[in-house]
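The two complexes that follow have subunit A in common; it is paired with subunit B in the first and with subunit C in the second.
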Partner chain A sequence: MKTLLSTLALTTALTVPALAIAKPVTLTANMNQYGGDGAYLALYVTDAQGTYMGSLWMAGGKSKYYEHLSDWYRATGGNTAEINGITGASVGAGRELKITLDLADALFDAGYELHIDASVEDMRDSPSEVVVPLTTKGAGQPVAGRRYIRDFTYDM
Partner chain B sequence: MLRALHKFPGLIAALLIIVMTLSGAVLSVLPALETVQAPAQSDPTLTVATLADRIAIAYPGVEQIRRAPSGRITAFYFDAGRPGAVVIDPATGVGVAEYEHSAFQRWMTNLHRSLFLGDAGRLTAAAGAASLLVLSISGLMLTARRVGGWRRFFSRLRRGPLMGRLHVEVARMTVAGLLLSSATALFMTASTFDLLPQSSVPVFPAEVSGQTGAAPGTMGLLRDTPVDILRELTFPYPDDPTDVFMLKTNLGEGYLDQGTGAMLVWTNAGRWQRLTETIYMLHTGQGIAWLGLILGLMALGAPFMAVTGVVLWVQARRARPRIKDNVAAGQADTILLVGSEGGSTWGFAATLHAALTLAGHKVHSAAMSQFSPDRYTQAERLIVLAATYGEGTAPGSAKGFLDRLAALPKAPDMPLAVLGFGDRQFPGFCAYAADVTRMAKEKGWEQLLPMATVDRQSPQEFARWGRDLGGALGQPLELSHSPAIPRSHTLTLISRREYGAEMQTPAAILRFATPKTKLWARLTGRGLGRFSPGDLLGIVPKGSHVPRFYSLASGRSDGFVEICVSRHPGGLCSGQLLDLAVGDSVQGFIRHNPDFRPVRGRSPVILIGAGTGIGPLAGFTRANHSGRPMHLYFGARHPDSDLFYEDDLQEWREDGRLASVTTAFSRSSTHAYVQDALRADAERLAKLIGEGAQVLVCGGRDMAAGVADALADILIPAGLTPAVLKAEGRYVEDTY
Partner chain C sequence: MKKYLIATTLLLGLGAAGIALADDNDCRVPMADWQPRGAVQQMAEAQGWTVRRIKTDDGCYEIKGRDASGREIEVKVDPATLAVVKFEYEDDDDDDDYRGRGNAAPAGSGKPPANGLFTPGTAPVVQQ
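After this line comes the complex of A and B, so read on.
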């Protein structure tokens, strides 16, 4: 556990160099037609107690809006170093976010959870819109979000 | 420079500005609508604690309460796993309507701020705002220059074509809003792109009591916070004892323990945050709906100015002719410098340039602002054609000329001729040209010709000066400048009324048929166009290129074109006109003269004229169907000779179109001029003018001067002068 955490601490983004024990994981989020502007999404991992481990992806480029991804913001203090190099565009209503990352095997079946915070301008914030345990069995199983995300899947 | 600064961003950004300001005007209405629609909060002492308790009872799954600047309160809640949002009546805590985010507002907002193009669109929109700001500032300065100073910024505009005046009028009404909207827009863009310092947000509390279950109504901070300053109250997640209440108000934000209700962390809003919020409020009107409405109305001025601005620019471009055979400064024997504001002086310059070139000279024409005597190595003379801007300011293309002249160690060793262009009706007639002449004399600059002037683009005066210049050059110089003669139309004489035969000064009222034009010609501006009494009819006599102008005694609605003409000794045009028989025709065109007509309203009008000057005054009277009090003072030679419109005056007097007619005859036994009639009526005139009457004078220049003297005496008791009335637009002259 200690080793894993230190690995996580070293690579805050949770992705690891290809040489380490890792495999490509594809994360897919399909958005609802929620009738608003592009959604900001923060994808990050916590342990079973909800303690923040690190970020996987940030959809949305303007840091002034990150406070509306309130769980992520609370965990990180809005530190943009957490998402350096893993930031993309916000995701429009009805659109799909698809990213492929090399994730350490140790993240799976070890009680870790993947969270997605969502936020849309002038609409309610939706922290932990999606919370899904990372397990090998759960791969490929769509999970519904609370408000903005129609379904979310991770595939290995 | 200033003009260029106003012109180029304007042309490029015109379309962009139209889109931004129209969408902005639409958006400006929304905060007011929201304020009207939101359930009113009648109790000013209502606290967040009470409100939160009420809402928590109605919606046990409440997650967040938000108060919009409009006062609308929205609650977000979860009920049986389904998220909901309602607009709350603060008196009950119960929802009155489902909260739905307006798709229209979102669409309009996205158009307004980013043209649906994301960050690239935001930057484009910001560029539009920046150009609007530059245009507003440069436009302000141009206006101040035009009216003769900041103090007179709102004074009445009396010259220039209608389009130009409308452009300035609308600008003066709306510039404040446009400045505010564009400056705040730029600030908001900078904020969006993180170019401004970020405000600090409170750090989430590291330790909480671990207890749960305190009702909001028991929490001290919430009990001390009135709803009026609430922004957001976020409830803790159910079943998470580490979570807290979060409160945002106008003053700052902080966290409260969900077990004890104690305030755990509080951060006051920083200066930047307050500034950002204030600017956001000023731009959107959210929170000050009335300001939003005003700004929205003012924003509508921008599309208008964009369109009129482009039209004005195109007109000015067309009006400024291309100078052919312009020789380089170093090779020219004659340097021609032009100080022009609107471009019409360039037309005269082009004519002079062509005539001098034809006479074998090498001419270099340039703007006065490009005055650089050390480059004029071959020059033998320098000619300055200078208009005047406002009350004696340098016109646009002459900026810096006087400074440069003053800085010269000695005057250039080529003689100088100055010709001023202006309008005698204004106090600063050719004042700038006079300044140039004065400074040149102080410098000891040799004068080729004494300074001369051209009043209201008079081709005759220009031609006369040309002959003087030719005399000085020792060669004939014929300057036939027709200041952009518009397309002429054939006018056929339908009736003539004879006068003046008894005094050996033949005169006539000539009435022409309005030429029939096809709809298409009218639409494309190729018809005779609209005209009113007081406008001018330009007639190009046979054997001349230079038009003569006659004041119109009729308007388009009268259905005919009427002028009053008397024969001038040796006058080419008046002779040809008076020789016309019914059925004959001449070529003519309309020149608008919008300053010379009664101002709108019900105030009395005093019409003063002599001789054929009665023409436009009769026209104003004929059109006075509303029976507004019009008083005519008319000077003629003899009642049997040249009492123009005698029968009509009688008729108009009877049907109320004329309130009074006073005549003065100089060759009858009374030997009275019209100014004598005015003096005899001093008391009544002073009273009428005191009541706000407008004075319109038409006739020869000597008569107009006599009238001005008489009125000056009449107005002394009232503490007024003709100059003051002129400045207010209540004293206008049309003299010849």
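After this line comes the complex of A and C, so read on.
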């Protein structure tokens, strides 16, 4: 019983601050006029070694296209449980995707990176279209994408 | 003579196989072995499905309705064994490679994953 209590106390102590320390972060992606259908975008976080930590958003609803978001797909095996409840519509050429979410503070200045894989029907896949280190200094600084994303910014 | 007979038989056999392959029925069960419609209804209800319609298609029973979570489904079952031959979500236009594998729950319809990246229970707010 005592062990159980101390385990409980320890786990609570470890998890509660992590939950408590989070702040609203706005992720904004502006798309290029690439002249194609709506782009599928997978937004996810890796650690400094590139190990997948989890997904933040999936723009695009049909799972059959996810294999074209190849880095995300390789990391997750295309498991839709990773993106249940955080999936929305694909993003059209020239349009903007803006997401606000309570991101854990622990992700900033700790070597974590935010990745965006992009894919457009009948056009070239663009895994890791954007890779940006999550730092407090980098907030508000637009980063250019490689093919479909004109710029990406995270603000807090 | 015997040689020709064997060759002709073989060719006829191949032709018949070709015809059998061209037949695009998903189920091939003699009518005598078909279970009644009521049995299909029972099997569907046992799965937690809500049945809207049962019809026959491509030699199988085809159930149209909703699964336990309310998603539109179309299921083909073997008329004799009632085993599922084909399972499709109607809201998913995947025909071939992703049978039985659904899309993710859209934002707002389910809890976001507890992946530790954002506060559990808070759903991302999206504008686009």
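For the reader, a short list of remarks on this structure follows.
As a convention for this text, the second predicted complex is superposed on the first by the 137 of 156 C-alpha atoms of A that agree within 3 Å, B and C clash if a C-alpha of one lies under 4 Å from a C-alpha of the other, contacts with A are read in each partner's own complex, and residues count from 1 in each chain.
Just so it is clear, a contact is a pair of C-beta atoms (placed from the backbone, for glycine too) under 8 Å apart; a residue touches a chain by one contact, two chains touch by 3 or more.
Being a predicted model, the structure only gives us computed values, none of them experimental.
Contacts of A:83 after superposition: subunit C is touched, whereas subunit B is not reached. Judged by the touch definition given at the top, the superposed model places A:118 against neither subunit B nor subunit C. Look at A:62: by the touch rule set out above, it reaches both subunit B and subunit C.
Contacts of A:130 after superposition on the shared chain: neither subunit B nor subunit C is touched.
In the superposition on chain A, A:39 makes contact with neither subunit B nor subunit C. By the touch criterion defined above, A:149 reaches neither subunit B nor subunit C. The partner that reaches more residues of subunit A, of the two candidates subunit B and subunit C, is C. Of the two partner chains placed by the overlay, only subunit C lies in contact with A:100; subunit B stays clear of it. Within subunit A, the residues touched by subunit B in the first complex and by subunit C in the second are 61-64. Those residues of subunit C that touch subunit A in the complex are listed here as 92-94, 97-98, 101-113, 115-120, 122-128.
Residues 35-37, 61-64, 67, 70, 74, 77-78, 122-125, 146-147 of subunit A touch subunit B in their complex. Only residues 63-64, 76, 83, 85, 101, 103, 106, 110, 119, 191-194, 198, 201, 203-204, 234 of subunit B touch subunit A when the two sit together in their complex.
Every residue of subunit A that touches subunit C in the complex is listed here, in rising order: 18-19, 22, 45, 53-59, 61-64, 80-89, 91, 95-104, 107.
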